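Both of the next two complexes hold chain A, though its partner changes from chain B to chain C.
Moving on to the complex of A and B:
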């Protein structure tokens, strides 16, 4: 498969990058590690006129503790750098747990956090070659008007398939976004729109520059469970991230549960903190939260495994993740 | 006799340095001046009449040098003489999504791709057939007019008296098994460079396992004499059967090159590899096995339907192998086999590692496990009771010359700790055993003839280099290395002295190809014969020069010496020159053709299955099942394989491990997923071959039965182990959690469904196990 013909721009600063984005309009596209973009270019899912390679922008990389004890992770930090970072390891274990499962080692060496948070949504009927889609006649998301997952519907169900986002949701992360009018902050939970086509709240002339992890979530015990067929390479078929604060008496003081790969967005399970905070561990409580997780997750036939199985596993994995976080992370 | 100097040594492969440094050239690495890039237009319909094709717009695109359609090369071809149903580009009908309709050669790949979009094809869609059981009931819209009812071929065999034997059986099991479709997933996608030479000849570099058949086919399709065509096989990055027949691009590139009068290279995308396919077909096997009270297998009856896809390919051979090897692993006196190869509107299936034997072996070994359970017998013991007594001829006419299966079973059981583990591990963890076997080359060629199956030439010149000219195709399995080892051993020279010229039809004699695990046995025997001839000539010259009897001479470590006279010693360089002076030239030819007695019975379809020799395997798998998720973790596989004699234990172990790995993929996770003839996972992201993380420790045990006819006793090593892995996994899952999955791949979802079904039937909860999850 060939690459579509396009110009590559290599801005040196965020301002320059934003200017190119603003000038080129919908014809521009950002590329960083390229692990998601390049295959999609080869499949002609994207045919940009300008590919904005942001790797030369040095300000976009760096894992640093900022004023007030928050952690700033640059959009260009590779996934491997995050897994290997002592700062992340000691303060935000759920993030390490999740990022370590992304794709395989080669992709983690190339892929960036910003890229993983801006992944294209995935669907078996969409992530296919130009020829394949032509034989199909397209789908709602591209080149057609029928959703093959939910025929008759007007909504695209292509699934959010990132692993880092659910972990960051459990850490109350914020995005730093640069645009023509400067920089803005946005809670990660508001970044995702739960729409397979318009997946993120990012203007055409905007780019993600960093992620902030607040000081108040330092030390939350947590972990990520991922349903996949292979132990490497695979995108998640379902995933759940859990972060808890548990006091000396075993009472939960703060809790987040987020699910991924079962909706067009990574989503927090809203009931989790409400039900868990102030409680001690019990199998019944954990099962109740697991039931809430499968009400939040609505898998459809977008990937290799069936919706029934993915829902089922979401329940099992949520329960296991909560049990492990609660029991293993004892201070 | 002194021990061997090269045979039995774990020598590294001769082509490894080129491969690991990147200096070695695969077909896609080749470029020549003026080379064009070819791209193929594939059908978007699973079944459609082609009313017209307008290529004018594509031809007008700057940079396009040739556009070819079916009219440019209408001659049909196919690997089997009875199955010439393919054309390089569809002439009248497209028969699957991905079928080849036209092709473009242009000055860049981008232009060629753009030109494909400018070709207008006027299709008339036809009703299509996707399900083999439905397809074989078709009364209209047949995929090939000459194949009414969409049945490519059916065979009905009966040996002994199965009906009576079933009536006399104490235990009978009847089960339906399903195996999903799998593909080879060789690392190297197919690639062909066809060079139209200035003198009007054609040179084709291609990723093939079968240069000889490619040579014939290009001659037929391009209407050129074979003498004007040269086929060269560069390094090949894995075949596994996927390159063992002529693949459309191998003909498309020459057709384009001839039309453009320019060199044309076509390299498939991974998706196109899936459409070219030739993998293992969806198989529905209804199996019935009867057992006596003493645990003797009395009879086996099988009805096998294979979903062959849209073209014949190797289909009839696949379905015949399924029958021929079904009953021949053990001593089974009564066998009935009904095999159907069915056409559907999907890519053509073909030969894949363990050709035809794998899915029926899954069925048989799973059933045998159940019968052992019914009879209250240990699965190892039941296999012990049903061994052949070699040498012998099986009930269906297969000649067995050596039979290391008993030793394979004993060693696999012993090294896996079978006796301590079977039925004794905690719930959720289990062990399973299964066996398999495979041919060491087919005793009958694809095209009936009396020509040798392989010929090699050796030339030694005054530089004392030993050049072996062999048609055998190195595809990563180690054929070059093994042949060099055999020649070095016989001549008593160092490996470095052997130069190999392989698989180049202008230079090397005919070898039928690298399929059915034939090369070590057949080309090996030819090398042995040629090298012995050279050695005799050298000894004659040395004897003459030193006035001794040639019978006292031996060769080793680059010296010829006398066993009687310690003073008589001549280095190989001197001896070679002496031999050239004495004989005028130092050349020899070796050939191999299977003996008449090995060629099988006389019934219809008897030609497939016979081999000069068979390999044997026994494997024990230990695994855990997570009963909440259905996920399986394989801990260890002990694989014992009888390869006759391990000429190179390093490469034999590599082949055993590779076979086990592939079997494991088919057992647990690999499957081509279809939706109305559309392949939903035509990529290595979504078609999930195992990674190193799911691949357990594999302990390979080499069993040497020393075949009387194999070179130095050697026989097959590259395929036979695969088929045992799958049922060993299925049997271990049964041992672990008590459910039997008769459908491949054995996904977590299937296991979970079976566990819940069992729970429901018991009306209560079954024990939970997380499968030893960390």
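Moving on to the complex of A and C:
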């Protein structure tokens, strides 16, 4: 496969980058690590006139404690840097657990947190060469007008295949987004739109600059479980992140469960907090939450694995992750 | 597309090449600089054959745009030891049967080099994780892990054989 011809812009500041994005409109595309963007460019899923290389913007990298005890992780921090960060390791174990499963070490050395939070959605009918797609007349998301996954509907079901987003959802993370009118903050849960085509609430002239993890979620015990074909490198086919606060009597004080790779967005399981808070561990309770996770996840035939298996693993992972997190939570 | 003059520091040498701005690092290394050690395997960032070191960190040159790496120190498999000599990592792979068809070998050598530079004495588990981005369809990986362990021994032996610093 070949790269589509394009120019590369190299802004030195966020303001400059945003100006280029605003001036170029749909012709511009941000590139950082390149692990998601470049293969997609080669498949001609995008044909931008200008690639905006944001790597030279130094202000976009750095893992720092900010006022009030929140942790700020720059959009350009690589996934390896996050896994290796003592600040993240000691305060937000669920994030380390999830990020350590993203692709393999080579991809994690290049891929950035901002990139992982803005991944392109994936589908069997979309992530294919131009030749392959053209032979089938395209799909709803690209070059066509029918969704081959759900032919009756007018909605794109390409899945959200990020691993860091569900973990960050369980930590009540916030995005920092820069645009022509300055910087804004947005809860991560509102960033994802659950639509395979318009996947994130980000304007064409905006870019993610950082992620904030609030001080109140420091120390939440958590972990991430992921289904994939090859355990060393693949995208998730289903994933569950769990974060709990458990007091010394074993009573749950705060709980979040999030699922990924089974919808066009990473989603919190809403019933989980309500049902778990104030309760002690019991297999029945955990099973009930696992059933709620299944109702939140709606896997369709968007990948090489069957929806039935992915759904079932969602239940197994939720049960397992809750049990493990609960046990770790008891001092 | 107009070409752009870019400057790359590869294996300690500065090269100026005129390339399209979107040209991939792997293609510039192979086609413009004649460094054919890094290989194109999967072409979509999942096999590790194209690995090179950028500022001592192993990356995939098949998804890196060359013009974005102008300030970096790039090392390819050709540059891990001075010409005519072998790095302990290369000795380990040669002696323990870590290479069969050889296509994936440059990627493994680069990732092993990066691992040992950070952790001179990794555990088997650390070796397995560090090489988990690299696919090999010949060896079954066991010989590769043995090669890394042999490389560690040979590096240690070289270290021990060095003459004591003057003045002691």
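Definition applied: the second predicted complex is superposed on the first by the 331 of 331 C-alpha atoms of A that agree within 3 Å, B and C clash if a C-alpha of one lies under 4 Å from a C-alpha of the other, contacts with A are read in each partner's own complex, and residues count from 1 in each chain.
Following the convention adopted for this analysis, contacts are C-beta pairs under 8 Å (C-beta built on N, C-alpha and C of every residue); 3 or more make two chains touch, one makes a residue touch a chain.
None of the values given here were measured: they were computed from a predicted structure.
Novice: Of the two partner chains, chain B (first) and chain C (second), which one does A:134 touch, if any: first, second, both, or neither?
Specialist: first
Novice: For A:232 in the superposed arrangement: first (chain B), second (chain C), both or neither?
Specialist: both
Novice: Return first, second, both or neither, reflecting whether A:1 touches chain B, chain C, both chains, or no partner chain.
Specialist: Touch partners of A:1: chain B and chain C.
Novice: In the superposed arrangement, does A:194 touch chain B (first), chain C (second), both or neither?
Specialist: So A:194 meets neither chain B nor chain C here.
Novice: Report for A:51: first if it touches chain B alone, second if chain C alone, otherwise both or neither.
Specialist: In the superposed model, A:51 contacts chain C only, not chain B.
Novice: Kindly classify A:279 by the partners it touches after superposition: chain B alone (first), chain C alone (second), both, or neither?
Specialist: neither
Novice: Check the residue A:291 against both partner chains and state whether it touches chain B (first), chain C (second), both, or neither.
Specialist: neither
Novice: Check whether A:316 is in contact with chain B, with chain C, with both or with neither, and answer first, second, both or neither.
Specialist: After superposing on A, A:316 lies in contact with chain B but is clear of chain C.
Novice: Where on chain A do the contacts from chain B and from chain C line up?
Specialist: Comparing the two interfaces on chain A, one with chain B and one with chain C, the shared residues are 1, 5, 104, 232-233.
Novice: Where on chain A does chain C make contact in their complex?
Specialist: Per the stated touch rule, the residues are 1, 3-8, 10, 31, 33-35, 38-39, 42, 51, 53, 55, 80, 103-107, 109-110, 232-233.
Novice: Can you tell me which positions in chain A touch chain B when the two form their complex?
Specialist: Touch residues, chain A against chain B: 1-2, 5, 104, 124, 128-129, 131-132, 134-136, 227, 229-235, 304-306, 309, 312-313, 316.
Novice: Over in the complex, which chain B residues touch chain A? Could you list them?
Specialist: Touching chain A: residues 42-45, 97, 109-110, 113, 269, 271, 628-629, 669, 673, 678, 680-682, 685-686, 688, 690-694, 748-749, 752 of chain B.
Novice: Tell me, which parts of chain C touch chain A in their complex?
Specialist: These residues of chain C touch chain A: 1, 20-24, 43-46, 48, 51, 57-60, 62-65, 67-68, 111, 129-130, 132-134.
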